[in-house]
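In the two complexes below, chain A is the common chain; its partner is chain B in one and chain C in the other.
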Partner chain A sequence: MSTHDDSDHGPPIFKAVSSSARQLFQLLNCIRFAPKCQVQISNEGLRFAAEESRVMQGIVFLDKALFTTFNCALPEVADDEADSVADLPNFQVSLSALLETLQIFGATEAPSARFSRSDADGYISNVRRDRPNAFSNQALGMAGICRLSYTGLGSPFGIILEEAGVITTCNLNTYEPDNPEEIPFQRDEMQVKIIMQARWLFDAISELSSTSPNRLDITASPTVPYLSLAATGHLGSASMEFGKGRELLETFSVAEKWTQSYKFEMIKAASEAMRLASKVSVRGDEQGVLSLQFMVEVEGGGVSFVDFRFVPYLREDDEDDGSEENIGSDYGNIED
Partner chain B sequence: MPVLAFTLSPESLGKLHDALVCLGKFSEAVCIEAVHDKLTLTALNSSKSAYASFTLIEKFFAKYQFKGTGANPSREKFNCKIYNKALLSVFKGRATDPMREKDTAIERCDVTVEDGEGTGKSRFIIKIACRHGVLKTYRLTFESVSPMHALFVKESAGNVWSISSRTLREFVEHFGPGTEQLDIYFEDGRVSLTSYTEKIMSGNEVLKQPLHTTIAVDTLEFGEFHVEEKLHIVISVKDFKSIVSHASTINTTVKALYSHPSNPMQLTYSDEGLLSEFILMTTGEGRGASAAPNSRANSKRPASRPALEATPSSKKPSNPEMRPPSTSAALSLNRDAAPRSKVSRPSPPPPQPSIQTDALFFPEADDDRRWDPVNSDEEEDEMLLWDAGGNSVVATMNSGKGLQSAETQSQSINGLSRINAQTNPDASLPQTQRLAPTQRLSGIRGMFDD
Partner chain C sequence: MRFKTSIRNIQTFSTSLSTLGKVAWVRLDDDSVRFTIIPETGTQVWASLSIESIFEDYTIQSAAPNNTINLELPLPPLHRALKSAINATSASIRLTKKDGVPVLSLTIITNTVSSGNSAGGFLNPANADPFGDNVFREESLDANMGREREAIVTQDIPIRVLTADSVEGIHEPRVREPDAHIVLPSLIQLKAISDRFTKLAMATSYGGARGGASSTASVPKLELAANMHGSLKLSISTDSLNISSVWSGLNNPELDPRQLDGENPENHPSAKLKAAGQDAWSTVRIDGRDWGKVLSVGRLGGRVIACFADEHALILYVYLSNFNDGVDDSVLTYYISSFSV
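Moving on to the complex of A and B:
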């Protein structure tokens, strides 16, 4: 990288100002399952990617439209267009520290009861937490300003938060980029594409989590029950079927029956996004890679996307350990 | 082929959920017993001092069908035990508030139980159909155990009162936070409900401050009232609160029946199709002669003994970590402390009532005996007796454990318990003092006057 020598002195290659740290927090909170995330700065915006064990990936793209000002003086690249992508500023940063910083002025309520939508808060619960709310600081015009800056390789990622005359400056250490390959999703071999309200998916996953399962089986079929999510835990098993596909599922294109299993905890890690988003596009390809694209309506108009990809459990049809297969077939029999 | 099949309307689903929440305050597992015309849900707490049961009669269900396997289904029974946590997560409280979860409102709920013994196909299957055709299916595993029922002999219970559940809730709201015991006392046309906590000392350090809250109620508040005067009867505040918090969700009349301290008390009330019955062990002023605890070995029902002993031990706040805390913390700690204190408690010597008078001011190291359940051994046969439903499998439940601890306790003579006292910080604590409430009130006044 050419900027290495003057990294400590030169003007920042990236500066952006947002009028709401809360928006950024909400979006980044969706991928908080990993301790660190990969940041890539481009002229279009910031891309945050988190991954776990190379089998789960979450990507948040903060479009420059989310910021009131967005300046990105990318180092000049010789007219070699092909290299430009690789030379984009790229680094890792601690995601938990970043989130902590963004909510230093209480951008959101403590994310404590994340999954249990408690029974007690009858009044609040009509509103989904973190969604636009008439009593938020945002709506009341109390929000502060958030400035982000990055000077270059080796320099910290600077965040300056300003609220009611109080200024907080945080410099987060940046780490060497670690460029994991993206989980490949074969768009041209797509077998399942379902667009539905993220709410349904959230409800389904929170229902299923009651049995504390290890594995989530997703089945999509062109006939009833269209889409079914099933999980087995030590207290029993549970399944959710979306039987009236037409009313629930906005887009439904499934050519033939498709069944895959995923680690439940991983899908559950995306539940923050399910709760926040308005719509989700569930896609599955031939290899069983699951892509969940969440459309999040950001306060003040506009939409952002949060993207998850999951690698399925290997389906060992003959040599799988007996017990799991038995449970699987058990379903079938009772279902009939 | 299902053994049992029933359908619940969203409304009764909400009631079932409330009942399960209430049962969950007694035990983590629920025993379900089905016969041809009713379904009974029961829970017995771990110290066997409190028993809760809800009977759902046919009217409660939209449809109820019990198919026995044999020739005479009307005399058959189906029993199982399920973790309450699993049931609660299925019957979440959503059904009760259609406004809140409009989109996922429940339309109906079908429950079937398949019992293929030995085939591994026994499941408690709950199918919940929601709006928009979302179908949730749960297949819960269950354990095939006969439930333990507490017996209550109505004929021997001479004291009766009944009161509206709403009024009762107002009383309960005044009980001090963190108090553990509730004394019910009647004199001169007034009923005193005293919730109190004993003082606990460790050396000079006060671990738990005494707290007494007395509510005096005119007997006119009660619907029916026939109670022996000047009779102290003490039950656990926590259990009582659990009951009242459920009863107050229904506008009903709670009826209490009891005889003497250390005999069980029964509390009942009913709603449409739902009959609730609770049996609580009581302590209070001892009446019986002081028989030596050793004579307990002669009992016909050894399993019932630890239940009685456990009554006070569960209330004994012998945990050194326990401070005068908020209610919830006290309750949870208390729950944890119960089994431990039960084990470490030395075998109690015969009580000496004379010490009681000034005990509040002279904490002594070794007066565990105060915690000895009142020595009314003559009447023991009327105490909580566990009806195993004529099935010997009962030992697989808590009674097995109970038997063991009964043996341990009878073997641990004082010498052994002294060793315990050295190794176990709990046991070395001076135990809570026990006093009749009237004396205690005056005692407190005197203490603050100094």
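Moving on to the complex of A and C:
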């Protein structure tokens, strides 16, 4: 049986046990927009990154605190952490396969609930069904155990799920890493920082998606309407303003008016995270890169973070020279 | 030629004839009812049900010995007809002729009182305002009586009556003695996992999360294996992963000596597989989607024994013994042939 072929590859360099496959699934489900994801194993946890066309990136970090045991025997860790980052085990796996596998758990309970994902845009799905359910097997402590393992370069990423009477072993083939550069976000050039309930953002995006728009303009300004989301498509346009910003937005630091446009479909790909998370930090830098950082409360206290970054559409009026100073002055003009 | 009966287990009747094929051959006689579904590809079903398990007040008469009647029955219309009978108080079936066409006429009697607001003799449902003036609208006693209406629905299913000669050549498939036989775990669980494997293979082998390919030609093949030490293994492998689920602690039932034709049980293939130890498996490859349909029979909750003829065929015996004590003559047999690698 494939469970015991560790001998071929030597002892695993990574082993972790989680008592909640559902939790891992919920977090990873936030970045399911890509067919494959990059996995990086470190002493602190597992980092899963998915990206699309280099303009959108989603990162889920599974902290070792999410696991009941977490053993990571990295081959040769250099003394200074900074240099060793490149040596961390790094590979790609099929994200869709990984997600399906994690769902095998509890496949017997309420299988229908998960097949309805396609109609997730409807009103009913506004109910946050991925929140822990008091009567799920998980909550009742009946669920089994999920073990993750990785032996080293070229070996599969193993998942073993144990549920009453059944043991499921899954070996996900690993692919060469395709280390795309992270979308750069300039923290020191940050122009917008808004912390709000992720729920508000989710509601706004699902409201706007009804007209199937293709562009989303995000405008933040220091005065009313503080934050506005405007969607434009073939059928027309719609916009949503957070006019009572002072009450709705927890943190709001916007020095001057900031407007950027993004592909609507991309922002919408983050809606699973919006649904699941409790809070979101919306940040924008001078170049228009949008960072959405979601804080997800996990069962049993603690929080996990899901990060998204988006590259904006090039603004038509600065296609000629595109220098940052000009963008800045544009804003000045608009505000005057 | 006469055939008339009431149906007593509508649920069983329709589930056991689940969606495996379009046409069934039904053989009715004095002792049993046999449904046979032989689709062009996929699983053959040979279901032999005792009369008492699905019918009552059964009358049959024909010129053939044992009052045998052979019918060719289209399943989708039957299925639809039975659906409307689910909540019926009674349903009966009769072989008759309408405009020269032989039909099975299904008469369904439904009492509408059960679906109405039986407790609502007081509250007028149209008036949603609980503080309105009409909360306790007065009604005459007669109106209440009138609620108990009977609806009679008749559904005619055109059929063909087959001659004895034409069905003579149809035989149950002959399969060699199985290498392994095992009692399957809960079919509902097995189906849930099987369906997920099938979905997994379809989603990943087409290189995208949006998978769901519609081509029927390349439905993934599940590998199902059993040993003679209580384990069942379900596995599938695709470009991006291989996955298997193993059940252990299942029961390998003892062979019935009567079925061995006096042969020494030691020489039976299953004894050899047992002697070969826990790592000796008997394997078949089956169509994931077809298998999912077969497993729908799990809703009946019977005991299921799977017999594995290595690389050859899988036979499922579904025993429906939970209707009546003492009556255990109902068995559904599914013949599934194995695909080659």
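In the analysis below, the second predicted complex is superposed on the first by the 281 of 336 C-alpha atoms of A that agree within 3 Å, B and C clash if a C-alpha of one lies under 4 Å from a C-alpha of the other, contacts with A are read in each partner's own complex, and residues count from 1 in each chain.
Basically, a contact is a pair of C-beta atoms (placed from the backbone, for glycine too) under 8 Å apart; a residue touches a chain by one contact, two chains touch by 3 or more.
Small disclaimer: the values here were computed from a predicted structure and weren't measured.
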First (chain B), second (chain C), both or neither touched by A:Lys244: first
Partner chain(s) touched by A:Thr101 [first = chain B, second = chain C, both, neither]: second
First (chain B), second (chain C), both or neither touched by A:Ser210: first
Chain B versus chain C as contact partner of A:Leu235, first or second or both or neither: first
Which of chain B and chain C A:Pro35 touches, first, second, both or neither: second
Touching partner for A:Glu176 - first (chain B), second (chain C), both, neither: neither
Contacts of A:Glu189 with chain B and chain C, given as first, second, both or neither: neither
Overlap of the chain B and chain C footprints on chain A, listed as residue numbers: none
In the complex, chain B residues that touch chain A: 83, 85-86, 89-90, 92-93, 97, 99-100, 103-104, 114, 120-121, 123-125, 132-141
Residue ranges of chain C in contact with chain A within the complex: 185-186, 188-189, 192-193, 195-196, 199-200, 203-204, 207-209, 211, 238-249, 279
Touch list for chain A against partner chain B, complex: 119, 122, 125-126, 199-200, 203-204, 207, 210-211, 225, 234-244, 247-248, 326, 330, 334
Of chain A, residues touching chain C in the complex: 1-2, 32-35, 93-97, 100-101, 103-104, 107-108, 111, 156, 165-173
